[in-house]
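Next up: the structures, one after another.
The two complexes that follow have subunit A in common; it is paired with subunit B in the first and with subunit C in the second.
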Partner chain A sequence: MASFIARRMLLLPVVAFGVTLLIFALLQFLAPEMRAAAFITNPNQLTALDAIIKKYGLDQPVYVQYWNWLREVFSGNLGWSQTARLPVRAAIGAFFPATLELTIYAFVPIMLLGVWLGTAAAVHRDRFIDHLSRVFSISFRSLPSFVWGLLILMILYGRMNWFPPGRLSLEADLFVRDPSRFQLHTNLLTLDALLNGQLWIFFDALRHLMGPVLTLTMVSIALLVRITRSSMLEVLRQDYVRTARAKGLGEDVVIDKHARKNALIPVITLSSLTFVGLLGGVVITETIFNFPGIGRWGAFAAQQLDIPGVTGFAMFVAGLTVLGNLGADILYAYFDPRIRLQ
Partner chain B sequence: MTALKTLMVLALSLALGVTGVAYGQAVKNPDTLVKVKFGDPESLDPAYAYDTSSSEQILWHVYETLVFFNGGSTGQFVPMLATEVPTVANGGISKDGKTYRFKLREGVKFHDGTPMTAEDVKYSLLRFMFMDRDGGPSWILLAPILGEEGTRDEKGVLRTDLFTKADQAIKTSGNTISITLNKPFAPFLSIMAEWSMVVNKKWAIAQGDWNGTAAGLARLNNPKKPEDTALFSKANGTGPFKLVQWDRQSRQTILERNDNYWRKPAALRRVIYRVVEDFGPRRLMLQQGDADIVDVNRTEQSQVENLPGVRVLPDLPQLVTQGIYMNLNVDTTGGNPDVGSGRLDGNGVPVDFFADINVRRGVAQAFDYQTAIRDCYRGYATLGNGPVPKGMFGYNPNGKWYATDPAKAAAAFREARGGQVWNNGFKFTVAFNSGNTTRQCLAQVMKANLEALNPKFKVDVRGVTWAQYLSLYRQKKLPMWIIGWAADFPDADNFASPFMHSSGTYPSAQSYKNPEADKLIEQGRTETDTAKRRAIYFKLQEIAFNDAHTLYFYPVKLTVMRSWVRGWYNNPAFFGEYMYTMSKQ
Partner chain C sequence: MGILTLATRSLRQHQAQTRSLAVLGGALAAGALIIPPLRERFLQHPFAVAGFLVLVLFVVAFWTIPSDFTRRMRKNPLSLAGFTLIVLFIALAILAPLLAPTPSSSRDPYLIPQEGFATDPRPPRPGHPFGTTEGQYDLYYGIVWGTRTALRVSMVVILISVVIGLALGGVSGYYGGRLDEAIMRITDIFLAFPSLILAVVVVAVLGRSLTNVMIAIALVNWPIYARLLRGDILTVRGRDFVEAAKAMGGGDVRIITKHIVPNAIYPFLVFTTLDVGLIVLTAAALSFLGLGAEVGYADWGMLINLSRNWILGAPGNPFAYWYVLIFPGAAIFLFVLGWNLLGDAVRDILDPRLRGAG
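== the complex of A and B ==
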């Protein structure tokens, strides 16, 4: 097990390196002037175009630019993100906690509700609950997240004023910023609020999380319901389930102990991908709810051709994906003893 | 599927219902004003910042200038950190128009309590000039004071002799500072009103910033990253608000009232600038009173017009000129799809297509200005007759411009290239920056009008990203394109130069050169006699009309705020709102 994990971890730098190489290779298709776009943002600066290109060596061959960047990486510096107005490392540090918090809160309802609905649908196949779960999951899935996001925002903020955009309300935000009254430990605001014993901050942060959590749940749950359902149906047809029933075991025990555990294998793959996907940032949801997460920054950096920003972001997400897959592999072994990690 | 449809209908009807709700809200956060914008500042360093978002936050809020604009006027000044506005009559401006003397106000303190002195002003001006980052604003002071556009030679080496010169040009004596210009420069006071932000020398040095000597210049000059300057995210000015924090994670800037301000402290206790990119949440925040002032695009105006408790100001003057540019010598190195075949064969245009004055006049008379203003600007723009926008000194309200006249346009095209243009037809591209629907609409009007003249005339409309645009601009590859210009400082020269001087921003990409225009622009800069100077810009307007290398529009500004915001006023030279006079009730 330990050697398996170690080998997987060795993969990390390789993947990260590959990703950066890919990005710089793509750079070759951009003219030097285009790479200057992050630095020249208005027509009044147009006459400085040549100077900017020279200053940042944007007209040098890609391998020279890659080498320069690599040198920066080895000096412990991932470069400057012109879109975040922060060094790349600091930008990841600043934006990731918000996304992590959102992911944790969104993952719980997605998993619980998804697996429960999927199981229920399979067990009560072609009955009311099955139809209901199908209708809901398909209709949630069939509109893009920006439609759901905007609808939720318009109704639950615009009409009800329950779940405002952003991460905190004005008063809470000013309170959290005051180091004499509040200490930021993890930048997960709900956790920090509890650590500081400020329940009202906790609820304020939670209120702001609700909109994006609801949106993410709606758009992510469908796949989970469908996969759980079909996997469960397949398991329920297996001989050992029939045997268990024949032994006279109660239906609850058959479903919960014998069937579901085995049905969860494909669900684990999917959920680890979902988790990593959420961690990598959910651009549209973050943008609509003005949630200062990492996805919005990554997308903005790509749009503005902020090369160090994009590269750092891609490396980070690649690393997360490797770790997510590792987590999934370990979970497989737990759920299915037939799978041995080597 | 019917369930889905029902759900969608239900959701949409709910959503539509939301817009009609009326609110009798009480003022939210009465002592804090929240402005929600779509862009964040690049740097809060007054010598580095050269974007509207940065200037909007620091200028006159955190830092102040020697003189200030009088109310809504861009040409009249009132003293700010100086005690009077220098004129030739009061001896503040020397007879030769080269030396400006400012007596500084007593008792002005920086936010940390240290009194402001003439040394601080000198340090600030020199720091502004010698920061000189590529693509930065330093040229605005370098040009009038030293007669140079930059501080480095062709090899990129810092010219220390310039520092000696500048050190002599800016002199302090007691609490007076005098600035001697390289040549008389008419717009100097309007430059001082925007670009003489005074920073705290002692404090800046303690933060590790430039030490004020020639030896320290190497570190100050042309920083590689914005965070390389000590004042990037810290500030210590004299203004009515102090910088509390620029939080780049949640993308907001928090300013707090300066209670020891040299005038009466501001009514607002706090000003918060927040970035919200998406219009949906921005609009809802305005509706809920969580935002007091929001950025709104012209295309979104109708969505805020009927919100209760919201004030929409749709037609504020601003210093912006939008142009449709024609390229007199298109580059085709390595191929250029925007000129088609590159020949006048009905499937392209030759590189010097627009060098023919008949073609340019044909375009200028074919274009339907009224439709463009009505459809593209929704009526919120006026037709321009030259670079200098309406309302600014140097604008000629009686200046001539072309009337839309398809018959005359056709006649001009018939004359072009001995009739070849008319007989063979042409094809070229009009480019605009993608996402800008106003410019896209202008391009489409151009296409429709030209194609209506002759079935052999073909025009393509193409949206290009800003990055592509930079590339095409530098390579001079666009035959015709559309983009705007916003003033660096309110003066006619800041429009005439970028639109008409052969080395200016747009003519250099258009290959437009008119020696007479160049000469007039250079004269206009040094002419101090108002009547003579006005005549120069009137003459330049005539040249703009005759040469017709560019078509001009003056769009007006849209501002949207809660009606509980008080004390607001507009000055076309402002980059945002001037918060000092404002309050909420």
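== the complex of A and C ==
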């Protein structure tokens, strides 16, 4: 196990290096003036564009530039984001907690509902619930996430006024920003609200989370249902399940104690990939619900040609994705010893 | 003898189907030529009409091939639905100039004609069957011509990703060793990004346009094809018939193209079918984020982007502007649904073990 993890870990720096190389290669499509714009912080500097190009070595050979850029990236300097009006690293720090909170809240219903529906569909194969889960699965797969989001916004906010966009209502926002009344510990607002003993802030934040959570659930659940179902079907065919039935165990015990435990192995692995998928999904979802997380910032930065913002955002998400994939591999190897021996 | 009777009977059934389809097509064509306004449109766009007839012939031919594959497709209602949806969309794309004629003042049929410049969307009315968006772009025109955009984007992206994927995946799977290791690490790098996010970065850097959207999605997409083909080749490579071909002195290229690819291609085909839906979804998402087609270009994602300001409706009437979201949303949904249904069906047919897995 240790050697398996070590081998996987060794690949991390390779991929990280490759990610920076890919981003840098993309940046080469921009003119030096455009790349210099990343270093400009006020309009007066526009007259000194050539000086900036010289100062940051933007007219030097590519490998020199790459080395300079890489040094900056690894010292934590990702440039200045015009859209956030913050250094990129600070912007990530400011926007990420909201996204983290959102993904955590979306993760729970996706896993619970997905596993339940997948198991039910497999156990009652070709019965009503199975067909229902197939219909759901293929419809959710075919409807774009932004149409889902806009429909939810239209009906559950516009019509019902249940789940408003944004992260907090105006009064709650003012309350949270007042340090004499509210301490921000984690920047996960629902958690902070509980720590501060302000239940109404908790419910306000929760109400605002529901729209994006619903959207992300609809989009991500189909894959989980499908994997759980096929994995469960596979397990139900195994000899030990037949043995369990043959020795007279009730169907509930067979499903719960024997089949589901083994069927969940690929699902556990998938859980960390689901997390990664959610990180990709937040770009659309946060934009629709005006939820001030990292995805909305990334999309806005891309629209406004805030190149340091976009690339910093992408590298950060890539880092999380690589860690997520590593987590998936390790979980898989832990639960299924056959993998380790390969 | 029994088999022969069965075969002739099923062939006769096909002929009956073919004949009824041909009669239907002929009646439609004759009707169109008799009604004067339609006749004019037909005569103005001979290529579209010819293209449509080719499509009809192709569908009829495909449908009547007496093979196991088409027989199973006919038996499965879901695959029928998917196939019908896709054929309808392709027909819509081919007949776009007839169904939504471009005004003579327009310099590019893909630019949606505007009816004035009022800022708020206007509901369906004569002349604008689906209503107009903000800026008065005609939704019907945009959706009909958007079909062409969707098909073009997905075909171009698939072509690029398949070519790169086939080349790199084939080399990687067949030769193995260091080359394989290197190519797989490159795919790792591309797969380290959630696909939409890498596409967003690429479009942001290259500039927003439909061409760059295609480049971006292809760039995100090819590693999956490369890996898929490599995996398939690895499973086929060790088989006896490949060893036999090697023993007989077959060259590498010959073995790859004649023996390995034909045997590894089916999962590849299934994935390609399902991928059309994904590509259209990604392209629409980019357009929705304002990173794809320019405002006014016939593109479904762009139309939905135009609906964003009007989602909450008017005071007292939350669904006042429903048509701006529902029509283009339905177009994307049905298009992607068609490909997903077909992809699932093809997968079931080619690999019966997976039947009902989706």
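The working rule: the second predicted complex is superposed on the first by the 265 of 342 C-alpha atoms of A that agree within 3 Å, B and C clash if a C-alpha of one lies under 4 Å from a C-alpha of the other, contacts with A are read in each partner's own complex, and residues count from 1 in each chain.
One rule holds for everything that comes next: contacts are C-beta pairs under 8 Å (C-beta built on N, C-alpha and C of every residue); 3 or more make two chains touch, one makes a residue touch a chain.
Everything quoted here is computed from the prediction, not taken from an experiment.
J.: Tell me which partner A:26 touches in the superposition: subunit B (first), subunit C (second), both or neither.
T.: After superposing on A, A:26 lies in contact with subunit C but is clear of subunit B.
J.: Examine A:15 and indicate which partner it touches, taking first as subunit B and second as subunit C; both and neither are also allowed.
T.: After superposing on A, A:15 lies in contact with subunit C but is clear of subunit B.
J.: Quick one: is A:87 in contact with subunit B, with subunit C, with both, or with neither? Answer first, second, both or neither.
T.: It touches subunit B, and subunit C stays clear.
J.: Just subunit B (first), just subunit C (second), both, or neither: which does A:185 touch?
T.: Neither: A:185 stays clear of subunit B and subunit C.
J.: Counting only touches as set out at the top, which of subunit B and subunit C does A:48 meet: first, second, both, neither?
T.: In the superposition, A:48 contacts subunit B only.
J.: Is A:277 contacted by the first partner subunit B, the second partner subunit C, both or neither?
T.: So A:277 only meets subunit C here.
J.: Just to be sure I read the superposition right, which of the two partners does A:290 touch: subunit B = first, subunit C = second, or both, or neither?
T.: first
J.: State whether A:247 touches subunit B only (first), subunit C only (second), both chains, or neither.
T.: In the superposed model, A:247 contacts neither subunit B nor subunit C.
J.: Which parts of subunit A are in contact with subunit B and also with subunit C?
T.: Shared contact residues on subunit A (touching subunit B in one complex, subunit C in the other): 30, 138-139, 142-143, 150-151, 153-155, 157-159, 287-288, 305.
J.: Within their complex, state which residues of subunit B touch subunit A.
T.: 3-4, 7-8, 11, 14-15, 17-18, 21, 29, 32, 34, 40-43, 50-52, 134-136, 156, 222, 224-227, 244-245, 247-251, 254, 272, 276-278, 280-281, 284-285, 287-288, 290, 465-468, 470-471, 473-475, 483-486, 488, 498, 505, 508-509
J.: Under the touch definition given earlier, write down the residues of subunit A that touch subunit C in their complex.
T.: Touching subunit C: residues 11, 14-15, 18-19, 21-23, 26-27, 29-30, 125-126, 130, 134, 137-139, 141-147, 150-151, 153-155, 157-159, 226, 229-230, 233, 276-277, 279-281, 283-284, 287-288, 298-299, 301-303, 305, 307, 310-311, 313-314, 317-318, 321-322, 325 of subunit A.
J.: If we count contacts the way the header does, which residues on subunit A are in touch with subunit B in the complex?
T.: Counting only subunit A, the residues touching subunit B are 30-37, 39-52, 54-55, 80, 84-87, 94-95, 98, 135, 138-139, 142-143, 150-151, 153-155, 157-159, 161, 164-167, 170, 173-174, 177, 287-290, 292, 296, 300, 305.
J.: What part of subunit C is in contact with subunit A in the complex they form?
T.: 185-186, 188-190, 192-198, 200-206, 277, 281, 284-285, 288-291, 301, 304, 307-308, 311-313, 318-319, 322, 325, 329, 332-333, 336-337, 340-341, 344, 354, 356-358
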